[in-house]
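Dropping the structure in here first, questions after.
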Amino acid sequence: MRLRRFTEPVFESLIKISGYSTGFIVLLIVIFLFKEGISFFNLSPVDEGSSLWVHNSNPVKKLTAPQIKDIFDQKITNWKALGGNDQPISLCTLDELGEAFTEEQLGAKFERLPACIDSYIDSLPGTIGFFPDKQTANALKNAQPVQVDKVSFSKFISGTEWFPTSRPAASMGVMPLLLGTLLVSFFAILFALPLGLAAAVYLAEIADERVRRILKPVIELLAGIPSVVYGFFGLVVIVPLVQSTFNLPVGETALAGSIVLAIMALPTIITVSEDALRTTPRAMKEASLALGASQWQTIRKVVVPYAASGITAAAILGIGRAIGETMAALMVTGNSAIMPRSLLQPVRTIPATIAAELGEAPFGGLHFKALFALGCILFIITLIINFLVERVSAKRVR
Amino acid sequence: MGNKLETIDVNLYYGDFHALKGISMFISENSVTALIGPSGCGKSTYLRLFNRMNDLIPNTRIEGQVLLDGEDIYQIKPSKIDHLRRNVGMVFQKPNPFPKSIFENVAYGLRVNGITDKSFIGAQVEKTLRQAVLWEEVKDKLKKSAFELSGGQQQRLCIARALAIEPSVILMDEPASSLDPISTGKIEDLIFELKNLYTIIVVTHNMQQAGRVSDYTGFFYLGNLIEFDKTKKIFTNPSKPETENYITGRFG
Amino acid sequence: MTHLQSELKSLKGDILEMWQLVVNQLNKGKEALTNFDRDLAEEVVENEKRVNSFELKIDRDCENIFALFQPVATDLRLVLASLKICNNLERIGDIACSVAEFVLDADTDFNKSILESTKILEMYGVANEMVADTLEAFDQEDTRLARTMFKRDKILDQIDQNALDRVEESIKNHPNQVRNSLLVMSMIRKLERVGDQSKNIAEEIIFYFEAKVVKHKKKKQKEGDE
Amino acid sequence: MTFPESNLRRKKLGQALMFGLARAISYGIVAILLLILFFIVKQGIGVVNWRFLTAMPENGMTQGGIFPAIVGTLYLVAGSMLFAFPVGVMAGIYVNEYAKEGPVKRFVKMMTNNLAGVPSIIFGLFGMALFVNELNFGASILAGSLTLGLLALPIVIRTTEEALKSVDDTFRQASYALGGSKLYTVRKVVLPIALPNILTGLILAVGRVSGETAPILFTVAAYFLPKLPGSVFDQCMALPYHLYVISTSGTQIEASRPMAYGTAFVLVVIVLIVNILATLLRNYFGKKVKMN
C-alpha cells in the first residue's frame, strides 16, 4: 500500500510525459529540420574558402550562380552577354596556372603563387579566375573578387536549376523538384481517385455483404505492402511497360511514377472514402428511393454528396501520401532534376532527391543544408495537408 | 370513400422471424389511418409494405396480397417499382433532408423521375412548399442548405419533398417523434389538412397523436393486427382487452 | 386553426345552440302560462327531446375530445365547463318542460290575480333573464355578468319562500281555482331551481375564464371584489 | 403528373452501365493488387531456399543469401518497438484516460495526427540530425531503431486510444465504485480488456516498420556488410534497403535480379503474415468481446 502511494505518481507522470511525446517530437523535428534548413540561406553558393576573381578593368562585378555555371560550362563565352565589355571570357584555375608557369616561377612551396595569379590575370583582361583563398591570400593587385549573390529564399524557391554539386558555384533551385513532385502526385491522384471512388462506391453501396467481406481485407492488406516492394514492382514491370508502350529511350518517367504512386494510393483512398460513404444514414437513402429514384441516382445525388467531405479528405490524404512517398518515386521516376515538360520524361521528386543525395553530401556543407531545406518544404506541405484534412473532416455534416 | 389500399392475409418474414401475421386491413381514400403499438410490433414493417421498402432488407419474404387501387403491388414488374414509389410517398422518423439546397430537396423527386422543365419544377416547388405550410418561412432562402432549417422545418420540408411528385398515398413513419411539441403540433395540423388531398397512413409511438390526427386506428401487437376501427371508437371504447390495456398504459 | 381548436369551436357552437334553445323553451313556457296557450305549451314539451339529444351529443363530444386530444389549461376548462353547463342546461330544459306540462294540466285559464299575487310571472321573468344572461356572460366572456347571478338568485328564493302563504291566500280568495293555485305552487318550486342551476352555470363560467373555483365559497368571495 | 418515359428508360440504362463499370473497376483494382503479389511470389519463390535465408551475400550480392538483412530487420523491429510500444501505449492511456476534453487534448491529438502524416524521409532526415549527429550515435542500430520507433509511435498511440475507447465506461465506474484509484483501474481493469486490440496495433506497427526504407537510409543501413552486428552502435543491413540497393544501385543489377526477387518475396511474406495475424487476432477477440 505504501509502495503504491510512491509508485502511482511516478507512473502517472510517466504517462503524462508520454502523452506529450508526440508534440515534443514534432517540435524537435521542426527545430532540427529548420535549424539546418534556414542556415542554408545567406550562404554563398561558391565553395567555402574559395573566391572568384576578375580583372580590375572588368565592369562586371557581380554574378549569379547560374551565370557562373554557364561561364564555366562555356555556354557564355563573352562578357558582353553579362553586361560587360565585348571581350571573350577565358577561364583560369590552378590547372591553367600549372601550364602557364614553370615550377620555378611558382616557387617550391607555391609561395609565389599569388604573384603569378596576379600577373596571369593582368595579362588577360577577359579572364575569370577561381582559386582557394589560401592561394590568393586575398592580395591580388590587378584583380578584384567577384561578388556572388547569396542563396536567397526567393531564388531557392524560384530557381529552375538543381545542380547542387557543380563547381565553382552550385545552383540550387527547387522549382524542378517541386514541379516534379506535384506533377507525379497530381497525376497519381488523377488516376487513383476515380478508380478508388468507383471501388469505394461498389464496396459501400453495390456489392453484397459476401463479396465485400472478401474484397475489403484484400485491399486493406495491400496497404501494408512496403513501398520499396511497390517500387521494385514498378521498376521491373511498369517501367519496361511504359518504355515499350510509348517507345521511349528510358522507361523511368513521371508517368511510371504516377502509375506506381496511384496503385499505392488506392487502398488509402478506397478505405477512407468507403468509410465516409457508409456514414450516409439509411433513412436518407430510403428517402431517395421512396421518391422513385434509382439506386444509382441515389448514390450519385445523395450518398456521394453526403460523403463529399470524407471523399475530399481521402483525396487530400492520398495526395499527401504521394507527395511524401520516397522509395517508389526514387526507383521509378528516373531522377532527372530538370523542369518537367511532359509525363514521358524522367523527373525527380523532393523526397527522392533527399534520399538520393543526402548520403553523398558532405556533412554540414551547403548541399547538406540545401537538402534539409528541401525537407522543410516537404514538412510544411505535409502540415498544410494534415491541416486541410482535419478541416475538411471536421466540416462533415451531422 | 372507396378503399385506396387493402391488404389481404399478408404474412412477412425476416429470415425465420415472422414479423407480420396474416394482416387483413383496408384503408379508405382521403383518410388518415394511424398504426399504433409497442416497439417491434410490426407497425413500421406493415407501413413499408405499401412502397415495397421492405424489399431493401435481405432475406425478406412476403405472402398475401397488397392492393393499391385494386392492383397487387407485389405482382408488378421489378422495373415498375419506381413507378409505385412515385405514387406512394414516404416521410421518415427523423427529418432527413438531402445535403442540398431547400429548393433542390423539393425538386429532387421531379428530377430523378426525368422532369427537366425548369419553370414547371419551380412552380411545383412553390406549390408543395405552400401545401406544407413552409413557403412563408423559406421563400427568401431557397438556395440555402436544408440543414440550416430547424428540426420541425426540416420535417415539413421532407413532407413537401414527398408531396412534390404528387403521390396519392403518403406513408409517415413516426413523423414527429424527434421533434419538440410545437413542431409536433404543426406537423399534426399539416397531416390533418393534407387528408383532403391524400390518403395518409401514419405510424406513431404516441397514442395521443394517433387520437389527434387520425380517422382510423389499427393496433398492432407481436405482428398481429389486434384491432382496427374508427379512432373515436378505439380511444373511447375499444373492443379488445389488449387494445384497452395498451391505450390505457396498463400494458404487460 | 389547429384540429383541437376546430373541435372546441364546434363544441362551443353546440353549447350555445343548446343554451339558446333552453332560453327559448323558458320564454315560450312563460308565454304559454301568461296567455294560457296550450299549443305553445305542447310545443315546449315536444322540444324537450331536442334538448336531451343536445345533451347526449355534447357529452359524447366531450368524451371524444378528452380521449383523442387530452386538452390542457383553458382548453381543458372549456371542456370541463361545457360538460357541466350542458348538464345544468338539460335540467333547466327539464324544468321548462315540467312547467309547460303543469300548464297543460290546468283545466281552466289561470286567474290573472293569482298569477299576480303569487308573483310567479315576475319570478318566471327573472329566471328567464338569468339564463339568458348566463348565455351572454359565456358568449361575451363577461364574468361580472355571471357574478350577478348570486344576487339575482335571492329574488327567486324570496318569491319561493313567500309562495306558500300567497298560494294559501289565493286558494282562499279563489276557491274555484284550487287546482290552478296548486299548479302555480309547483311551478314556483320548479322555477326556484332555475336560479340554482344558473348559479352553477355562473360558477362554471368563472371557472372557465378565470380558473377560479368559487363553489362553496362565502358570499363575498363569490361576488368578487366589485 | 406525367413523367417523360424516355428519360426514365435512360435512367435504368444509366444505372446498369454505372454498376457494371464500378464492379469492373473494383475487381480490376483487386486484380492489379493481387497481380503484384502473384508476380513477386512467382518470381521469388524459386530463389528462396534454406541457404538463401541463412547465408551471407556473396559475389557483389549476386549470390549467396540475405541472412544479415533478415537479422538486421529483426533487430530494427525489436529495437523500434522497445521504444514505441511503452511510450505509445502510455501516450494512448494519457489521451483516452487522463487528458480532459479541451485544448490540451486537442493539441495532443493534432500532434499525433501530424506525426502520422509526416513522410518517412523526414524521419530519416530528423534521425540523422538528432541521433546520428547531435547525440553522436553514428549510423547505428540504436539510431535506426529510434528513428523507426518515432515513425511507429503514432500508429501505436492511435490503436491504443481506439482500443481503450471501446472499453465500456461501466467497467471503469465499477472499479471506481469499489475504491480503485485511477491508475489501478486503468492497469487492472481497462488495459486487460483492451489488450487484444492494443496488441493488434503493435503487430500493425511491426508490419509497417519492417517495410520502411527511407528512415533507415542514413541512420543505420549498410550497403554491404557480410557479418552480423555486434552491438547497438554497429550498422546493419535491412531487408527493404537491401531490396532497394540490389534492384537499383548494385554493380551488377541484372545479375542480382534473382536475389532481388527473393528479397522482395521474403519481405512481402513477412509483412503479409504480420497483417493477417493482426486481422485474425482482431476478429477473434472482436467476436469474443461481442459474445460477452
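Read from first to last, the chains carry the letters A, B, C and D; within each, the first residue is number 1.
Note that in this section a residue touches a chain if its C-beta (ideal position, glycine included) is under 8 Å from a C-beta of that chain, and two chains touch if they have at least 3 such contacts.
All figures in this text were calculated on a predicted structure; none of them were measured in a lab.
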Message = Once the contact rule is applied, which chains count as partners of both chain B and chain D?
response = A
Ask   = Which chain pair shares more contacting C-beta pairs: B-C, or A-B?
value = A-B
Ask   = Compared with chain B, which chain's mean CA position is the farthest off?
value = A
Message = With centres defined as the mean C-alpha position, give me the chain B-chain C separation in Å.
response = 49
Between chain B and chain A, distance of the C-alpha-averaged centres to the nearest whole Å = 59
Query = What whole-number Å value describes the gap between the mean CA coordinates of chain A and chain C?
reply = 101
Chain A-chain D separation of Cα centroids, rounded to whole Å = 24
Ask   = Listing for chain D: what residues touch at least two other chains?
value = 11-12
Ask   = Got the chain A residues that touch at least 2 other chains?
value = 294, 297
Ask   = In chain B, what residues contact two or more other chains?
value = 82, 86, 112-113, 165
Message = Once the touch criterion is applied, which pairs of chains come out as touching?
response = A-B, A-D, B-C, B-D
Message = Help me check something: in the complex, which residues belonging to chain D touch chain B?
response = 1, 3-8, 10-12
Task = Sort out for me which residues of chain D touch chain A in the complex.
result = 11-12, 14-15, 18-19, 21-23, 25-26, 28-30, 32-34, 36-37, 39-40, 86-88, 90-91, 93-95, 98-99, 107-108, 110-115, 117-122, 124-126, 128-130, 133-134, 150, 153-154, 157, 181-184, 204, 207-208, 210-214, 217-218, 240-241, 243-244, 247-248, 257, 260, 264, 267-268, 271-272, 274-276, 279
Inquiry  = Show me the residue ranges of chain A that touch chain D in the complex, using the header's touch definition.
reply    = 4, 8, 11-12, 14-16, 18-23, 25-26, 28-29, 32-33, 35-36, 195-196, 198-199, 201-203, 206-207, 215, 217-222, 224-233, 235-237, 263, 266-267, 270, 294-297, 300, 320, 323-327, 330-331, 351, 354-355, 358-359, 363, 371-372, 375, 378-379, 382-383, 385-386, 389-390
Inquiry  = Looking at the complex, which residues from chain B come into contact with chain D?
reply    = 79, 82, 86, 112-116, 165-166
Inquiry  = List the residues on chain C that touch chain B in their complex, please.
reply    = 2-4, 63-64, 67-70
